[in-house]
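Heads up, the next two complexes both have subunit A, just with different partners, subunit B and then subunit C.
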Partner chain A sequence: MAKLPTPEELVASRPEFPAQSWFDYKPKFEAGSYCYPAQKPTMELMHMPNPHDWDPAADDWNLPENWKEILCDAFADRLAKHRSLKLFMDICVRCGACADKCHFFLGTNDPKNMPVLRVELLRSLYRRDYTLLGKILGKTIGARELDYDIVKELFFYAYQCTECRRCSLFCPYGIDTAEITAIVRELLHEVGLGIHWIMDPVKNCSLTGNHLGIKPHSYKEIVEMLADDCEDIVGIRPKTPFNERGHEILFICPSGDVFADPGIYTFMGYLILFNELDLDYTLSTYASEGGNFGSFTTFNMAKKLNAKMYAEAERLGCKWILGGECGHMWRVINQYMDTYNGPTPAHMQTPVSPITGTVFENAASTKMVHIAEFEADLIKHGKLNLDPSRNDDLVCTWHDSCNPARAMGLLDEPRYVLKHVVNKFYEMPENTIRENTFCCGAGSGLNTEEIMELRMRSGMPRGNALRYVQQKYGVNRMCCVCAIDRATLPPLANYWAPGVTVSGLTELVANALVCKGEPKRTMNLRQEDLPHLDEEEQGE
Partner chain B sequence: MKSLDVFFNCREQVIEEWVNAIFNTYPLQSTGFLRTVKDPFTNPVADMTREAARTVYEAVSGWDKKPEDVKQAIDRFVHLRAVQAMLPSQGIMVFYLLKPIMRKHVLPKLKDQALQDYLDAESRLDTIVLMAFDIYMKSRETVAENRIREIKNQHAQLVRWAQRVGGSPLEQEGKS
Partner chain C sequence: MLKSLLVVALVAAIAWLGASAGLGSLFGVVLPYVAIAVFLGGVVWRMVYWAKSPVPFAIPTTGGQEKSLDWIKQAKWDCPDTKWGVVKRMILEVFLFRSLFRNMHAEMKPNDAVNGGPRLVYYSSKWLWVFALLFHYCFFLVFFRHFRFFMEPVPACVGFFEMLDGMFQIGAPRFYMTGGLLFCAVLFLLLRRLANPRVRYISLFQDYFPLWLIMGIAGSGICMRYFTKTDITQVKAYIMGLVQFHPISAAGIDPVFFMHVALVSVLLAYFPFSKLTHMAGVFFSPTRNLPCDTRRTRHENPWNPEKNFLTYPEYEDMYREAMADAGLPLDKPLEKKSGE
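Coming up: the complex of A and B.
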């Protein structure tokens, strides 16, 4: 008689552990664990090296014949170019402080998702080729020679890191694992390995200026349509200035705010706010994207895609740039833009709020101000007539998006704004917010639907904290200043804390904003009835 | 001694062994962290595992537990196992790891006439596994639903715009 396995036998998921060391354990490419590969025509069009067709689940990835040489040369090149990389390769003492800080590790419990081991994948190659001990002692001190399986392993784990930099926060040496992931991805692109969800927006951005590849006339018409919606709600149609020369401010936001729900409500918020302020600004169909998926491929691609911001400010003669609610856009602006595209065009000036006169000295170099800073300054100076009770149906919490929080220190400004536009606000637990914030689990170009399962586990630490405040305080709205978050948090909330919705900050600002001469408002930007309507009717 | 008291007296030992058996289904290098860090947000997997284990054991023992409370206690845990890289059987089977542990610690301490009490307890575990199966399936459906919803949302405004190109259809259009 055939013997059925026992429950213990069924769940023994560690046959390879510890019989095999982590070094020898190879990842399994199963559906849901990897992103679809970039298409060959896309890679060709973008002049990426070695474009080819390949399937991550296949044994053979059709790499170019001399793949090993290409990768070793590229690695040598990056080590020479980025002193930080060489330093990061040398100084890690494997103390493990970062190990349990990664949301991917916490969600998957895969040891190679500990930042230290993820980087060790690359560091082991470095040790073999660049250290004397590694050359002599090899595997005994964790050095290994590059082989085909290691390329696959690098790909697997480089796309299980959202470059959120939470681990860096805890590293006593300040090793920036995100930069190492960025370099690994850059190396992989050298042998033609990229993912569709990143390369397609890169292509679209290169051709039309935004991620979805929407052409200028369509982009403008969609914005007009949203302005129509604003008129239905507020009773005043906001201006939609496009590509107009001679305005003081150029406004650039992520295109996700124009095309995707619930980002559109944030965009409508921008239009309503600027109209109320009678702001001297213009939108651009050329710089119609603040996001920069180039930053998830190579530094050069990031530089190329980012160049349009200053180019457009120069063409239109704008003095400074106001930036919308985007995440990685601000990482690029705050950390790389000066080096990539600086110095700014000669006529640009240190931003000064035309409404309050505040000089944004912090933006003296890049000439770009974050909308949350701009709004906080307006509120501080009492320039906005706000009625937070219009948001009384919401019990809010604040998600610090990784890039604005950790890469530019934008922690208090959005909270200041939020507290002035809503009456009910509760923080998530201390070790999951501000600098300690947990990633949405799908940043850095991983917000694609084919890895939804992976995203649900990598986003678990965030979902878990959200669920806690949902149960404790009845939180039903999570706010953030990142377009990727607005795309990735709704499914995450739907999984871990169903009933919580997601919005941008400016959506709530516009809900609360009492515009001059507006008829009595009955709807919020989502065209839902405002709270207290029944009470007011009874009062009347 | 009543059967319930026997279950109660073994509680901490059984739960600890069971929780460790669950942690052992993860790679060796991860289990040390799972075992040692107690903070619910720093180590959420251990927290949700312990929350589920405690309530499940108490319910299995025959304590007065509402089905809703049991569901609530295992909800996070099952949601997690539903999206971790494992087979559905591996996701759910961890509940059955409780049986050998109870047979080791509880069964020998029960008197012969209390065998029925023990069998009832194991049957209660079977019921809980079925509850977990429902949550597991719902979780998988949510993942699929999320994928569909996300695809729709990404292009929601484009579809609206495309439908408006050339002007909105007249209200009377299509009516005879």
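Coming up: the complex of A and C.
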């Protein structure tokens, strides 16, 4: 990996707008500006159309001979399938309100990263083929004919958008660039263009049940190891039910939580919490992925990967599903799952918390509850014995992940939980949180190493806001409910606000949770000494 | 930018010269009739075109706290979960430009005192909202005022509004605020497009064209009222003729009037084929017009494909032995090898 510039250098190196019109300047494919392409065997295995070997830096992308026809036909097909696409092609007035709302634009100052221009790349093609004036006046009114360079341009900018929907919040007509990016990516997959970092997890998820390709026996082994760690820390070994029939709840979280630091601490948190509640639940090795990298390729792929959840709930006879902390997983669950793979299996019921009796009417159709809602409800009913002082070494801030914020509206539930499990909490500046939140800069499958500098750029708004609370309040921990965030924010924090660490919500819940009959706790889930230990010893 | 100005100037000049040369009925009768037909037919056609494509997924942008637990306060206006709530959200959007009101401006401070380095700072930025609102409302009110010409007798509410509009009683004839403000607001939108380098970079012919047109329309209207003092009784009689489908002779009417009518006609005819359809389109926007109740109510996709995924039995077939070794429950037990 190339050496990163300092934050000051990075900010100063954002170029001015080019002198040429946007029709004339082309993106430069050089190392660090693009993600590695999906491999041909992977694409073949997933039955993707036109799999082939290609190199983004090469002139020739080895597209199928009739690439133009394929793309034009696919575009027509998507226009017929999505009203949003037609509408967003027609009604933009180019007011520019979206321009400086995009973290990629703020970080790169590339005009084509202004959401309006990102969509205009496609809109210019639409004008030429679908509007009378575009046919007659052509370039005068911004109409272009599809050519090889435009395919490359679409690829370049469709993978410099994290589908975070921040622009859609500010657009007076609600034009959602995430929708356009999703459809452009879908079009590109028609001619065999995808990226490795997305397609490989898709393959894994499809064949082993999770993105990381953890096979059932290894999955069990890893979870057992984490349960051992829990025992070392809490003094009680949490139960680890796998693929068991007849439980009330099926629990599904992103597989990143099982595998990657610091997500594993969140996973340990789930185990400790469920054990303390004596929750009637099971894990599944088959539906061991809540995340959905398919949703970064095509709608149908998202449906395919998502289908396992209801299928497994049906097989195991679970009444409802509890979902772990993940961002795009919840975009899919909240806005797509029921449409894709519903209605739910007949025996599933509107979720009811077995501990508090609360009926989750808001999940009456999907039968799927977010862990933050579940925990907030427990705390509200006084069902958890919490000692927030165990987290006193932490000065926390809350990062709203894009999808839970702008595609779900999960804002106050996690805050309520966090405020009950930590004593020190500070919000980042108000224009960077809640529905205004900024992306970590690497969502939607862009969390790959080869574009690290680009990620630091697109993460600049988030990084700056984090540094602000770090400097002002001494914040040393950023919490979030997103597994991609838990992977992408540590390098981001390390770059923009060194010293700030990252964790999920449930990790801190389990730190503070005083379990029934537990011996005196001396360590947090990271096996670091708890704060106040010395004082207590002195007191004794 | 200049091309679009040229086109508008050309339309105005042709209409003015044509009317002066006695072609008043072409610019005063044929053109407005055609334009209105194209406008009505075009807008309906455009809406049908949109409606022909389904809304496969419910994708509202949640602009605040969702409806979840009873004791958590929902952002009812920005994250509505009921049909009536959506109506309220749309009213805010259409009448008060809610989303544009959120607008803020990001600015990089290279040496922020707190950050000890670069920091993006966000400032409230309401000018676009103010002028967009001003522009749309003034345009509407000016249009509304014109019912003085389209109806006989003049409805009382039109007369009342005219009185309000001219309440400062400046000059004779009295100055109508809406006309002047409309002109100013359009001028602001135009200057913003030119002065803001980002907006200038994205602006196309069709972004300037309607602005020039509307300036031409407002300008010619103001000119008729305050400068050339067009004979209003004559114009009213002429327009009533059009309204009642009995056009009368255009002889003797100020040519500026025909310029005004021609520009309005071009705007109407252009409307359905341009970004101006945002007026109808905003009602169709799936990120705004759907309730945020997507976990409570199932949204159906008419082209939802068949399910096609790795089923559990297939999965178990792939890993049965390893699963058995790990002590994971199996649906189909491992066949015992012969001899054991």
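The rule is simple: the second predicted complex is superposed on the first by the 521 of 540 C-alpha atoms of A that agree within 3 Å, B and C clash if a C-alpha of one lies under 4 Å from a C-alpha of the other, contacts with A are read in each partner's own complex, and residues count from 1 in each chain.
To be clear about the criterion, a residue touches a chain if its C-beta (ideal position, glycine included) is under 8 Å from a C-beta of that chain, and two chains touch if they have at least 3 such contacts.
What you are looking at is a predicted structure, and each value in this text was computed from that prediction instead of being measured.
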Fit-or-clash call for subunit B and subunit C when the two complexes are aligned on subunit A: clash
Touched partner set for A:Glu163, first subunit B, second subunit C, both or neither: neither
Touching partner for A:Thr108 - first (subunit B), second (subunit C), both, neither: first
First, second, both or neither for A:Tyr495, with subunit B first and subunit C second: first
Larger contact residue set on subunit A - subunit B or subunit C: C
Contacts of A:Ala364 with subunit B and subunit C, given as first, second, both or neither: second
Subunit B versus subunit C as contact partner of A:Glu435, first or second or both or neither: second
Which of subunit B and subunit C A:Glu276 touches, first, second, both or neither: neither
Contacts of A:His217 with subunit B and subunit C, given as first, second, both or neither: second
Contacts of A:Asp100 with subunit B and subunit C, given as first, second, both or neither: both
Contacts of A:Glu413 with subunit B and subunit C, given as first, second, both or neither: second
Clash with subunit C, by subunit B stretch, listed 1-9, 37-45, 91-99 or 163-171: 37-45
Overlapping contact positions on subunit A, where the subunit C interface meets the subunit B interface: 7-8, 11-12, 17, 22, 99-100, 106, 111, 114, 221, 429, 431-432, 460-461, 464-465, 467-468
Residue ranges of subunit C touching subunit A (in the complex, touch as defined): 3, 46, 49-69, 71-73, 75, 78-79, 81, 93, 97, 99-100, 102-106, 108, 110, 112, 114-120, 122, 128, 132, 196-199, 201-207, 273-275, 277-278, 281-282, 284-288, 292-301, 303-305, 307-312, 315, 318-319, 322-323, 325-329, 331
Subunit A - residues contacting subunit B, complex: 7-8, 10-14, 17-18, 22, 28, 30, 33, 99-100, 105-111, 114, 212, 214, 218, 221-222, 225-226, 258-262, 264, 429, 431-432, 449-450, 452-454, 456-457, 460-461, 464-465, 467-468, 487, 490-491, 494-496, 498
Residues of subunit A that touch subunit C when the two form their complex: 7-8, 11-12, 17, 22, 79-87, 90-97, 99-101, 106, 111, 114, 116-117, 120, 131-133, 137, 140-142, 165, 168-176, 179, 206-207, 209, 215-217, 220-221, 242-245, 285-286, 299-300, 303-305, 307-308, 311-312, 315, 333-336, 338-343, 358, 360-366, 368, 373, 376-377, 380, 405-413, 416, 429, 431-432, 434-436, 460-461, 464-465, 467-468, 471-472
Interface residues, subunit B side, partner subunit A - complex: 24-30, 33-34, 37, 39-45, 47-48, 76, 79-80, 83-86, 89-90, 93-94, 96-97, 99-100, 139, 142-143, 145-147, 149-151, 153-158, 160-161, 164-165
